[in-house]
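In what comes next, chain A is part of two complexes: it sits with chain B in the first one and with chain C in the second one.
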Partner chain A sequence: MVAEEGTELLPKLGVGIGWRSEIDLTVERLPGVDFVEVVAENIHIGHLPESVALLRERGVPILPHAVSLSLGGAEEVDAQRVRHLAEVAEALDAPLVSDHVCFVRAGGLDSGHLMPVPRTRDALAVLVANVKAAQQDLPVPLALENVAALLEWPDGELTEGQFLAELVSQTDCYLLVDVANLYANARNLGTDPDRFLDEIPLERLAYVHVAGGVEHGELYHDTHAHAVRQEVLDLLDELCSRVAPPGVLLERDDNYPSDTEIATELAAIRAVVEKHQ
Partner chain B sequence: MQRPWGLSGPEFLQYYWIALAVCVVIAIIVRVRVKAGNDQPVRTLDLDELAYLAGGPRRVVEASIARLLTAEALRTSRRGAVQSTGSVHVVNPIDLAVIADAERYTNRTISLLVPNVAKDYAVTTIGTRLHQAGLILDRDEVKSRLRKGAIPLWLLLVVGIVRWVNGIGIGAPVGWLTLQLVITGLLIFIVTRRGRLMRTSKGDRVLSQARSGGATGGATGPASLEYAGAAGLVALGGLLAYPDLTVRSALMAAPYNSGSGYVSSGSSCSTASSCSSGSSCSSGSSCGGGGGCGGGCGGGS
Partner chain C sequence: MTEARDRLAAAQAELLRALLADGPIPSGFDEKRIVAERRALLAKRRGVVAMLGPEVAGDLGDRFRPLFDEYAVAHPRAAGSRMREDAAAFAQWARDRGELTPLQPQRKHWWRRTR
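Coming up: the complex of A and B.
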């Protein structure tokens, strides 16, 4: 267990992979999977997938990762979605849960995407209120993840790092840093990853996401369906040079390659992490 | 006592029994000759041909699935849905057909994939080759020859029916004749049944040798090496013989009837997913994309 002064204990997670039903057997059998993450909305309480139940029996930490709380939205957080996330956390005996710094619906419409939040103090206040409301109903700590965006809202008052630092300061949440999203924002929006890492409170880092993507024209798309690029691993390396992350997780959501290729990606991630230990 | 056709009732019954025995012998001879196959020398079979010989077109697809799983060109989930990994270059035409089918559909279960690929030309052409080699029987040809072999029985039946009608007409007892007609009908049904008549005797011999560890035609050779491994086991024993118990259980998880393998039933089972998430993310995953990645996935988790 790792702990910072004045914070809750978070487990040392190691290197993990996102559990998906398409690769359930692969995840179960891959060597060196210390923890997994499940998409909370895909888990039905009382009907845990056999593979997830098996991993739980083995004592592998399973972290619910939500995609639908829409904490950055102007509307109040949907209590039912928070309750479901809480139930999943309890069913999986999860040490923490996570979602994104984004909104996914407004005016009754679902975007189908994780939309970035305007980095204004007003938007931060809304986000903070929603996060606090969600935290009240969650049995475990909440970690929030930086998203990849193709646009920035105008009139931003804070950098992304400052925005997240303020969010942590005001809600006591943890951070889930996605270095692939960081890379995507650097490529597409010109965000400075070093400044981002300088500005966020790394002591509140819960774990890290790593994923692959692909270039289309001048844009980089964080597809989670392609191989992890060396540049993303370099960003992980930079992060690990500043702090030992409790966990690093490979996300893959489509075009699943062979077990050997997935194992190779996990090994590459582990090599970066262990380089700094 | 009346003697229609110059024969008393008991005499007719006696001749009928004799004729019936002769007709059955003729039908049996035809059946044995159908089963015999041709006299071509047996050549070495590749794994796909051996699979076809052992279990028909479905077995060929099953062996291909085993080969692709072992090579990590294909993976299965616990619910028996197979996916192409895109990681391995395959050249075998059956493997290509399996990969193409797996890539054409999402959550493709083997219960749907196997019967579909079994109809592919790459598979059916193996059947043609084995038939030409005198190892398996052509379904239509077998049916036709068995029917021809039963012609004497049909003729005998017609004679018996005429005698039976005449007997009724003159008030003669027809109990025994009725029994003979029923027996004749049953025998016609039996001798024209194709049943499990799939391989020729030569095909049976080749398969038996392969099962006992040899190659084919009594000669050992490189083929015996090819029959090793998961694909070899599945070729001879079906998916139930896949050596990895967990993968085998996954493959058998979806409703699947391996059947005799030689007859494509054309049936298919629906294996609808129940993966409703109520999520705002249409894919149900946390996948990224940052927009524009297609597939309805979310935006940069």
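Coming up: the complex of A and C.
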């Protein structure tokens, strides 16, 4: 992990799973968990969950994943939230941290969700300024994730891939590509996944998210509470045919299945990754 | 940059008011998608509140969902508030309307005195 801005070498992570307190024992005993992610906002410095401490002792990399910086929001970045993420990174000795290309709060309201930002030059300029401000106070590189959206802002000036490419070139951030979110946007908004993968700088890929979802009517909902679809694994396959991702992580946040089912999903992910090695 | 922030702030605030507080649908958005997003955000918030306060959701039974949805639109979450505060505020709101039994002062049992 060396020096010069924007040229840090990211570690090879392997295949991982999102650590959640509800599946802490599962995560501990599953074979083939090379790294985990924790939701940064759920971690209290000085009171690490026992299971997280155990994984850390084992030398499993633990990546803090933030959901509340609202970097795509119009407001200035909340320094306290950035500080917390920085402290979690230090407490876990994490090689990098992440959040999303989204806004969470606006006009005094909290959406409770990762909302898409308009793909305009205005919104990009604000996002870039916010990301740079956050980077100044973070001890490790920041990776930013594409979100799943149910609605499209009007008057977009850039494709999602172009928007992310501009973001990377102006901030030197890394990308966390969620192929389930890409699938959701392809289904719900008509995003072209091939074009997306063509347009983003794959050399800045930190790792990949995979998750499950469900269809309600004509929309696909990225729930993290259902099985991973073959179409999502196919997108992972497409991504792996272009670049070897440093890591791929399964996110499951609700409606937890048996250990066996989780292990099967992890094995399916590993099979896709290893097919291209 | 200030101008870009101001324009973005107005647009994002307008969208969240439409999604969370039954505000007018901003121009250029697909109405059906706004409705779908409203439902999705509401369901997520309702799910978290049910998880944080299972006894309240349990006491209300079938009434939980319509009551929560009514509460939620009238009380969109303030930026910076916590979900636990939301769950507590909903329980209080339901109690104030007589939908939940009022909280009884806790009786002190001998086996709890040492806690």
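Note that the second predicted complex is superposed on the first by the 271 of 277 C-alpha atoms of A that agree within 3 Å, B and C clash if a C-alpha of one lies under 4 Å from a C-alpha of the other, contacts with A are read in each partner's own complex, and residues count from 1 in each chain.
Assume a contact is a pair of C-beta atoms (placed from the backbone, for glycine too) under 8 Å apart; a residue touches a chain by one contact, two chains touch by 3 or more.
Treat the numbers as computed from the prediction; the structure is a model and nothing was measured.
In the superposed pair of complexes, A:129 makes contact with chain C only, with no contact to chain B. By the document's definition of touching, of the two partners only chain C reaches A:75; chain B does not. Contact with both chain B and chain C is seen for A:113 once the two complexes are overlaid on the shared chain.
In the superposition on chain A, A:154 makes contact with chain C only, while chain B stays out of contact range. Using the contact criterion defined above for the overlaid structures, shared-chain residue A:93 touches neither chain B nor chain C, since it reaches no partner. Of the two partners chain B and chain C, more residues of chain A are touched by B. Once chain A of one complex is fitted onto chain A of the other, the partner contacts of A:105 extend to both chain B and chain C. When the two structures are aligned on the shared chain, A:274 is found in touch with neither chain B nor chain C.
Of the two partner chains placed by the overlay, neither chain B nor chain C lies in contact with A:215. Once both structures are placed on chain A, chain A residues 105, 110-113, 115, 150, 219, 221, 254 are touched by chain B and, in the other complex, by chain C.
On chain C, the positions that touch chain A within their shared complex are 1, 4-9, 11-17, 19-21, 27-30, 33-34, 36-37, 40-41, 44-45, 47-48, 76-81, 83. Residues 72-73, 75-79, 81, 83, 85-88, 246-247, 250, 275, 277-293, 295-301 of chain B touch chain A in their complex. Every residue of chain A that touches chain C in the complex is listed here, in rising order: 73-75, 103, 105-113, 115, 117-118, 121-123, 125-126, 129, 150-155, 219, 221, 254. Touching chain B in their complex are the following residues of chain A: 18, 20-26, 29, 39, 41-42, 49-51, 65, 67-68, 70, 100, 102, 104-105, 110-115, 145, 147-150, 178, 180-181, 184, 188, 209, 211, 213, 216, 219-225, 251, 253-261.
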